[in-house]
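The following pair of complexes shares a single chain, subunit A, combined with subunit B in the former and subunit C in the latter.
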Partner chain A sequence: MSKKSEILSAKPISRRLFTGGIAAGAALAATGLPTRRARAAAPLKIGVLLPRSGHLALIGQQCQRGADIAVPLLADMGHSVTLMNADIESSPDVARTQAEKLIREGAHVLMGAFQSDATAAIAQVAEQKGIPFIVNIAADPAITEQGYKFTFRNFPTSPMLGMGGMSLFKDIFAATGTTPKTAVLMHVNDSFGMSMLKGIQALTPKLNLPFKIVETIAYDPKARDLSIEVAKAKAAGADMHMVVSRLNDAILMVREMVKQQYEPMGIISPGSPGMYEKQFFKALGKYSEYCITNVPWFDPKQEMTSVLGAAFEKAYPDQSYELNIGFTFEAVLIAADAYKRAGSTDSKALAEALRASNIAKRVMIGGPIQFDEKGQNKNLKSAAVQNRGGKPVVVMPKESAEMAPVFPMPGWKARS
Partner chain B sequence: MSGVSENRVLAGSPSTGEAARGGLIADVPRRALILLGLFAALLLVAPATVGDYLLSVMILVLYYAYLGLAWNVMMGFAGQFSLGHALYIGLGGYTAGALFVHYGLPPWFGMVVGAAVAAVMGGVIGALGFRFGVKGVYFALLTIAFAEFTRILFDHWGWVGASSGLYLPVEYRDTDDLWLLRGSATMFYYVILAMTAGAFILCHWLLQRRVGYYWQAIREDQEAAQTLGIDVFRYKMIAVMLSAAMTAIGGVFYAFYYNNLYPETIFSMHRSIELMLGVIIGGIGTLFGPILGAIVLTTLGEMLTGLTEDLGLDGIKQMSYGVALLVIIVYRPGGLWPWLRRRLGLEKPR
Partner chain C sequence: MPIDFLLNILVAGLLTGLVYGLMALGLSAIFGVMKVVNFAHGDMMVVAMYATYTLYTAAGLEPVAALPLVAAGLFVFGFALQRGLVNRFINATEHMQFLLLLGVAMVITNGTLMVFGPDARNVQLDYAFDSYNVGPLIVDKVRVIAAGVAGGTALLLAAFFRFTVTGKAIRACADNFTGAQVVGLHVNHLYAVTFGIGAACVGVAGTLLLLITDVHPHLSTDYTLLGFIIVILGGLGSLGGALLGGVLVGLSEALSGALIAPSLKSMFSFGLLILVLLLRPQGLLGKQA
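So, the complex of A and B:
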């Protein structure tokens, strides 16, 4: 039977039915409790925008795991959130339409988006619609320099990353009593690598670092062979090997260093992916040991870190437990915390609550999560993470360290 | 090539040239005019009936339709294959964006300058290619090379933000400022609608002129065209420079709509491919093909996005997208528009 004919054939409303309906409605209206309760208990809808396909798919999917695992963990802490996931396909254009779609479908808060260009596009939509947007990862400083009122970033800007990564060198040397005089820098020649190079060159004299970079070697991150580059680095005869890498090239580089018996005092990255990732350990085994990366990292002294780590290991035993997980988890935590304090899904109330965030119990190294007037969390620190016993371990800053740093590292031969 | 017969029908075959000179619509069948009118009316009232999300999808459709029309001038009409049109989007966007950010100059001024810069760049590429006999895929490689080294240049040029990108200021506004292109999605919708309509009319007009016929002659057989006395170099240069300038104007729209420009995104090869896909699907060398292609591709993309989220399988969109394109290319190799036009009975009797 069609809907129209159902309506036509329905019995007319009787006087008794009408009176009963009115009475029931009046009773509901008078108490009002079920409706209000239902509203208060309704979970916060977080629109998660991540590059789960396209050229950044690997990292986007990793971030998504951080968001997914946050929901049950936060539920145990009394937070009620649901995720509305959207794949931005590693494209800022798609990010914009997906953000609008999520808002239309009722997202109370947006979160994302790992890549700076997509994050900038989402921030703009969030600002126009007045919907709070929490940036999990994106380092472009301009994102929080636009005077946006609804954008909040819990990730260091690229200058903060550079400063944090470079200043840790001195701490490592002081803690180990070994100071190299010279260094060689091998770096990828993409935008990331080139901007890191600029930062390193600017910060080395500014921070009065004790070593001199005697050779800078650029290479293609998609290179299949780094023998010439590594031979060049070895020929430079520097004490320390600095590296700005991605994953596959980092593996290639260390393999080549072993092959060419190039044994500097240490391999240290001032802040790049690759050496702390699970595939790096799997591919290199004992040769992955003692490499150091200076990056924002989990705070092993925080209780929440071990809870998250255990849950992640259980849910995703084959995946790397690294900073992308931590910052995405924290982004969901920040939204949930703001919702709890705001007591409402109203976007302005949520934005006010976000501005007043003060979350001491967190997973990443740094002070409490607090946002400045631009929406940037300034209490973020980098850590020196050294590969020890087949996993990345915090060795600096001292207050978060699990082990003391080893520098110089043992030679390749000594590891067998 | 099927585009030839399509163009003859739309633009008028040489024998109907006189009728064509009678006006822009003199040679267009009445039925086509009615459908075009209905389509235009639908587009005009759309913002009043659709929500913000759909409106943003429609802006994307029109944006790709516009860029497709621009690329079609060079490839579809004159037969010069470019795989680096992202270069002109970037040049237009960055020129207008930087002039606005640094000097407060309105985008309309930036549009003129950006189009001129792109036309000059197109001219340089064209001159290099055509003077030294670089043809076909080698010419396409030349266009990629220019897009790539311009990207690297912009990646290191501090004045335009280098790899950190160029941000146009965004503020909350209640009103639209058409002069500075600051305002609501509805305003941007009408701007890109006007741009697409303008490009469509311009292409239609060009195809009815001598230059249109010369381009098609060059596309079909360059040597024969030269033998007939056509200044091949000159007309190919006109196609490249015009296409570059039109694309740059699309780049200006992009800059002011998205408000942030990154060299890695805007000059990418991916963007170049994206803008020509719609034309290939719709029908290269046809007038309405780029518009139809943009509608089909964007709608298909959005539908598949929904499906991806429902199934929870990452990457299935790209796979399905590829399969759909494959199906269209296999079954409608000349594009969807020539087939659809036959179905709609819009072909002129010969």
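So, the complex of A and C:
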């Protein structure tokens, strides 16, 4: 029998059956329970926009790991979320089209995007379509200065990063009782390095820091060799060596410092990648120790941090457990928390719930996750992270510190 | 400016330049004989670096001990590449050769990306951090080894081309292609041997460079470009020219970095290149076309 004839020969619905069905439906509607439960059980669809290819692929893939690992962990905590992943190819134009595509395909919330230009493009789309957008990482202050109602950022702006990183210098000196009088600054000459340079030059007198920067050495982040740069830094004879680096150049730089027997009191970054990454430890071994980076970091005193750390180590034993993982995990957590409180995937209800966020149990250092009227979380703090025992360890602020800072650092030859 | 600082800079520039020269030797040898510009030069060096890394991590073989193995492996790779692929384009137009070798370069880059991933890799050896103290000078041990090997390799190559039968036959092919065929030389075989020798030189350079810098798949482009600058400065096809070009680039980078600004180092290398192209287009030790 064909499907059409099956339908035609089906027993017609009787008046009694119809009335009974209506009554049952009304009863269900009155109690409301099964429909609401069904709605709550449906997972929240989070559109994840990250640069998984292109020049930012390494970091984009690292952020993706933070999002991926969040799903099972949050499921254990009673949150139901599913990810809709999109590669923005390190391009703001692709980010825009991918954001539109994810919304068309039913994403309830957007999340991303590591790079500021792409994040700004996604924020525009989110605002036009009225879909909440949670920024995992992007430091351009303008993103939360546009009056957007659907954009929420749980990452410090660049002035917050600069201020947080620079103000920790004084805390380190006070805690160790050692104050350098001079410093040399080696920095990459890309846009990140140059903006950091401007911030450092502006904040050093403003914060009344006790040292004077006697030499500033800019270099290409793709440099094959940093022997001349390090020789120049050594010749400056400064007490402290400050760096704004990326990963490979940070390795080259420290290797040259060892070879040239250049022994400053310490190597401190006011906020740049490189020295806390797994590859840095692998490449330099004992010479990676005692370098300090001032960055937003995991709070070792939070229980959730150890749970996330253990799960990450198990899933990705060869990858660095660093701040990109933490902030991307928190972005998924924020979305899941809002969904739980909103009880709905309605975009306006989700946006209202996001605005009322107050998440004390988190993984990064700082107060509870709360957003101001512009959608910016102001409760974020930087930490001084020192390389100790083959891993980055929080040494400042005191309330989150796992160890006391070591400054000055032991000489190269004194290390075993 | 303190004199010891300046002396240290000059020694560092000289040693780095010799390492650069070693890297460019293979490129110069291949062009000198076959008139083929190897655009996959930097990529072959990256292959050598990964081979050294693999021998170290899998078999515990230190780079200096792995050097003959990697050089032999690269010789076979170069020989096979020439016989299987490049030889088919030997009489093709220059842009066809260029596209072919660029294609080979892209295959190698993406192949290493697939096998080893985008992360930088290195070998961790205690002596990679050592240096010699000679009066006021602090001399990097690895660069001294690399510079010594560069000089030795250049001498060996020069002796090979001057005194061995195969070397003389290769020079004959380079001097007069038709004449070499008329006297019965197996030109295709000799070309493949030359390509293999060039690749072996790249293998030696790659092995030593792994002691100085970490390897990642995208390292190749920079080194291919650097190789071109060096051989054009020294004179395409001249082995001594490759070493001289390397030393000039090393010294210009060191002095400009120390006296002006480190971030302008490359600008001075390219400036030197433009100057040589204007005043002596065949290169400092190159023959007039």
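Everything below uses one rule, namely that the second predicted complex is superposed on the first by the 378 of 416 C-alpha atoms of A that agree within 3 Å, B and C clash if a C-alpha of one lies under 4 Å from a C-alpha of the other, contacts with A are read in each partner's own complex, and residues count from 1 in each chain.
Note that a residue touches a chain if its C-beta (ideal position, glycine included) is under 8 Å from a C-beta of that chain, and two chains touch if they have at least 3 such contacts.
These numbers come from a predicted model, not from an experiment.
Asker: Can A:Ala283 be said to touch subunit B (first), subunit C (second), both, or neither?
Answerer: In the superposition, A:Ala283 touches subunit C alone.
Asker: Regarding the shared-chain residue A:Gln261, is it in contact with subunit B (first), subunit C (second), both, or neither?
Answerer: A:Gln261 sits against subunit C, while subunit B stays out of touch.
Asker: With the two complexes superposed on chain A, say which partner A:Gln370 touches: subunit B (first), subunit C (second), both, or neither.
Answerer: So A:Gln370 meets neither subunit B nor subunit C here.
Asker: With both complexes overlaid on chain A, does A:Gln146 touch subunit B (first), subunit C (second), both or neither?
Answerer: The answer is first: A:Gln146 touches subunit B but not subunit C.
Asker: In the superposed arrangement, does A:Ala57 touch subunit B (first), subunit C (second), both or neither?
Answerer: both
Asker: Which partner chains sit in contact with A:Ala231 here, subunit B, subunit C, both or neither? Use first/second/both/neither.
Answerer: second
Asker: In the superposed arrangement, does A:Ala218 touch subunit B (first), subunit C (second), both or neither?
Answerer: The answer is second: A:Ala218 touches subunit C but not subunit B.
Asker: A:Thr182 contacts which: subunit B (first), subunit C (second), both, neither?
Answerer: neither
Asker: Of the residues on subunit A, which ones does subunit B touch that subunit C also touches?
Answerer: Of subunit A, residues 57 contact subunit B in one complex and subunit C in the other.
Asker: Can you list the subunit A residues touching subunit B in their complex?
Answerer: Residues of subunit A touching subunit B: 52-54, 57, 61, 85-87, 89, 91-94, 96-98, 100-101, 103-104, 116-117, 120-121, 124, 127-130, 140-142, 145-149, 158, 191-192, 194-195.
Asker: Tell me, which parts of subunit B touch subunit A in their complex?
Answerer: Residues 51-53, 56-57, 60, 155-156, 161-165, 167, 169-172, 258-260, 262-265, 270, 302, 305, 308-309, 314-315, 317-318.
Asker: Over in the complex, which subunit A residues touch subunit C? Could you list them?
Answerer: 57-58, 189, 217-220, 222-225, 227-229, 231-232, 235, 247-248, 251-252, 255, 258-261, 279, 282-285, 287, 412
Asker: Would you mind writing out the residues of subunit C in touch with subunit A in their complex?
Answerer: 2, 5, 8-9, 12-13, 16, 118-120, 122, 124, 128-131, 138, 140, 212-214, 216, 222-223, 226, 253-254, 257-258, 261-263, 265-266
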